[in-house]
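Each remark here refers to the structure printed beneath this line.
So that you can tell them apart, the chains are marked A, B, C and D in the order they are listed, and the count of residues begins at 1 in each.
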Amino acid sequence: MEPTVPVDPGFELRVRASFGQQAVMGLLDAHLTDIRPGRVELEMPYRADLTQQDGFIHAGILATLGDSAGGYAAFTLFPPDTRVLTTEFKVNLLAPGKGDRFKAVGTVLRHGRTLTVSTFEVFALHGAESTLCVHGTQTTLCLAPRT
Amino acid sequence: MEPTVPVDPGFELRVRASFGQQAVMGLLDAHLTDIRPGRVELEMPYRADLTQQDGFIHAGILATLGDSAGGYAAFTLFPPDTRVLTTEFKVNLLAPGKGDRFKAVGTVLRHGRTLTVSTFEVFALHGAESTLCVHGTQTTLCLAPRT
Amino acid sequence: MEPTVPVDPGFELRVRASFGQQAVMGLLDAHLTDIRPGRVELEMPYRADLTQQDGFIHAGILATLGDSAGGYAAFTLFPPDTRVLTTEFKVNLLAPGKGDRFKAVGTVLRHGRTLTVSTFEVFALHGAESTLCVHGTQTTLCLAPRT
Amino acid sequence: MEPTVPVDPGFELRVRASFGQQAVMGLLDAHLTDIRPGRVELEMPYRADLTQQDGFIHAGILATLGDSAGGYAAFTLFPPDTRVLTTEFKVNLLAPGKGDRFKAVGTVLRHGRTLTVSTFEVFALHGAESTLCVHGTQTTLCLAPRT
């Protein structure tokens, strides 16, 4: 990972404000648990209404959490008054989504003016145990504000 | 796409039964709209509680719909008494998730005994208009039933 | 696929000139076999010195051919005096790379001012038979000329 | 990364033997520089005949090196008398392929009986400097020997 000094000292408030507007994070009971330059953590609880046919959290829901973590990791490094948009992501599903809670960690791998590449990992937490469920890579686009 | 003759003539019921157990599809108000050998369609309505910070459906939610469509497309070709598990998928996000409804079409590209590769597309529907929002590729694993 | 009217009527010459500068295409004996707006075809012969341990063409070499096909498909739609750069691609390997020749077809899925998304397919040709070996998705960036 | 104790104590010889049969590695002047359980390093020199139109090493060639590194990282953990086959990989291209030499590091993320997921990184080396050019994720399949 590159040294990551945010150009916007107010990055944390900016991330919290944007996250608060992601209605789907409310639906998932997800919340921000750590915000650092180039790195963001989210957590959500297990919920039976988020599962696939075997009772595990649906891979797409874990990817949703991971995509937000990676996108906000990128967003910490963006200038003020910009927006973040995911252009692509890929996930490898390493273990079933079973646990009490799920933690997603997004980390910037390379930050550029236009494009930023992040990785994200989603862990299933069960008591003190942590299992890596999802590994993702993601590209986000830095957009000027809509006028 | 390959010729796709399902080994299980009861593939449609099998897909419907498994889909009915994906609790998250209920949360998204998603339903099956077409089931053919190697091809499955799903639809879901726009809902404000599924959006990201700009008011569009979150990319992860569109990926969830696409992942289920591609996975069930594969599942139509699986033998009876097997299970389907996604091992990886990648999405390119081509247009914002804005529309009245969203349609996901999963199509098998290559079916093998162990691994099946599908593509999926998610379209935003607005009246008679249809916009391709997401293109995905996916690998699923055919698993013997749990004993 | 979108309607694809190139802004540069000289797109074919531009693609041929750039392709002629891809030294690695010479190393692979690859050549352009079709150039249309938003769609480019390349072919290369089988060569024993391009194989992996089982005697099939190495997946990375097939990906190299596909990446060039998809990138030049995008480049047909770019304005004059721009450059094309791949930012990411993903390949699913559907069949071993065995055949007499290999054909890559790149097709633009969505063309934007900054980013273009293409798909590419690589086929193994053996006499009159054609087998899909590789399916890829790719993002390219349109860059202003270096000054 | 998981604890990685190879089931085959002869894993290093097995990797070297298979690598020696990858003819394309000879074409690229690539060689093995480190082999450990779950982790393999390869290096190759810059060569003008491996470049794309801007004089950088073609992304597909860097992916070829990375795919071999990740595949052999997986292969260190496979049982004797098996084969390794890549089923999919994705690369994000983070910096142009310019340098004197290129080093690929493949690392197993999760090893399973059938499928193994690895990541790989390719670095451009220029004197004492090292720049991350490519980040990749990859799935490989463990196959029984052909009979």
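Everything that follows uses one rule, which is that contacts are C-beta pairs under 8 Å (C-beta built on N, C-alpha and C of every residue); 3 or more make two chains touch, one makes a residue touch a chain.
Everything numeric here is computed off the predicted structure, so don't read it as measured data.
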item	value
Touching subunit B and also subunit C, the following chains	A, D
Taking each chain's C-alpha mean as its centre, the one farthest from subunit A	C
Separation of subunit C from subunit D, taking each centre as the mean of its C-alpha atoms, in whole Å	23
Geometric centre distance via CA averages, subunit D-subunit A, whole Å	28
Separation of mean Cα positions, subunit C and subunit A [Å, integer]	32
Contacts with two or more other chains, residues of subunit C listed in rising order	87-88, 90, 92, 117, 139
List of subunit A residues in touch with subunit D within their complex	90, 92, 94-95, 109-110, 117, 119, 132, 135, 137, 139
Contacting residues of subunit C [partner subunit A, same complex]	87-88, 90, 114-115, 117, 139, 141
Contact footprint of subunit D on subunit C as seen in their complex	18-19, 21-24, 26-27, 48-54, 58-61, 63-68, 83, 85-93
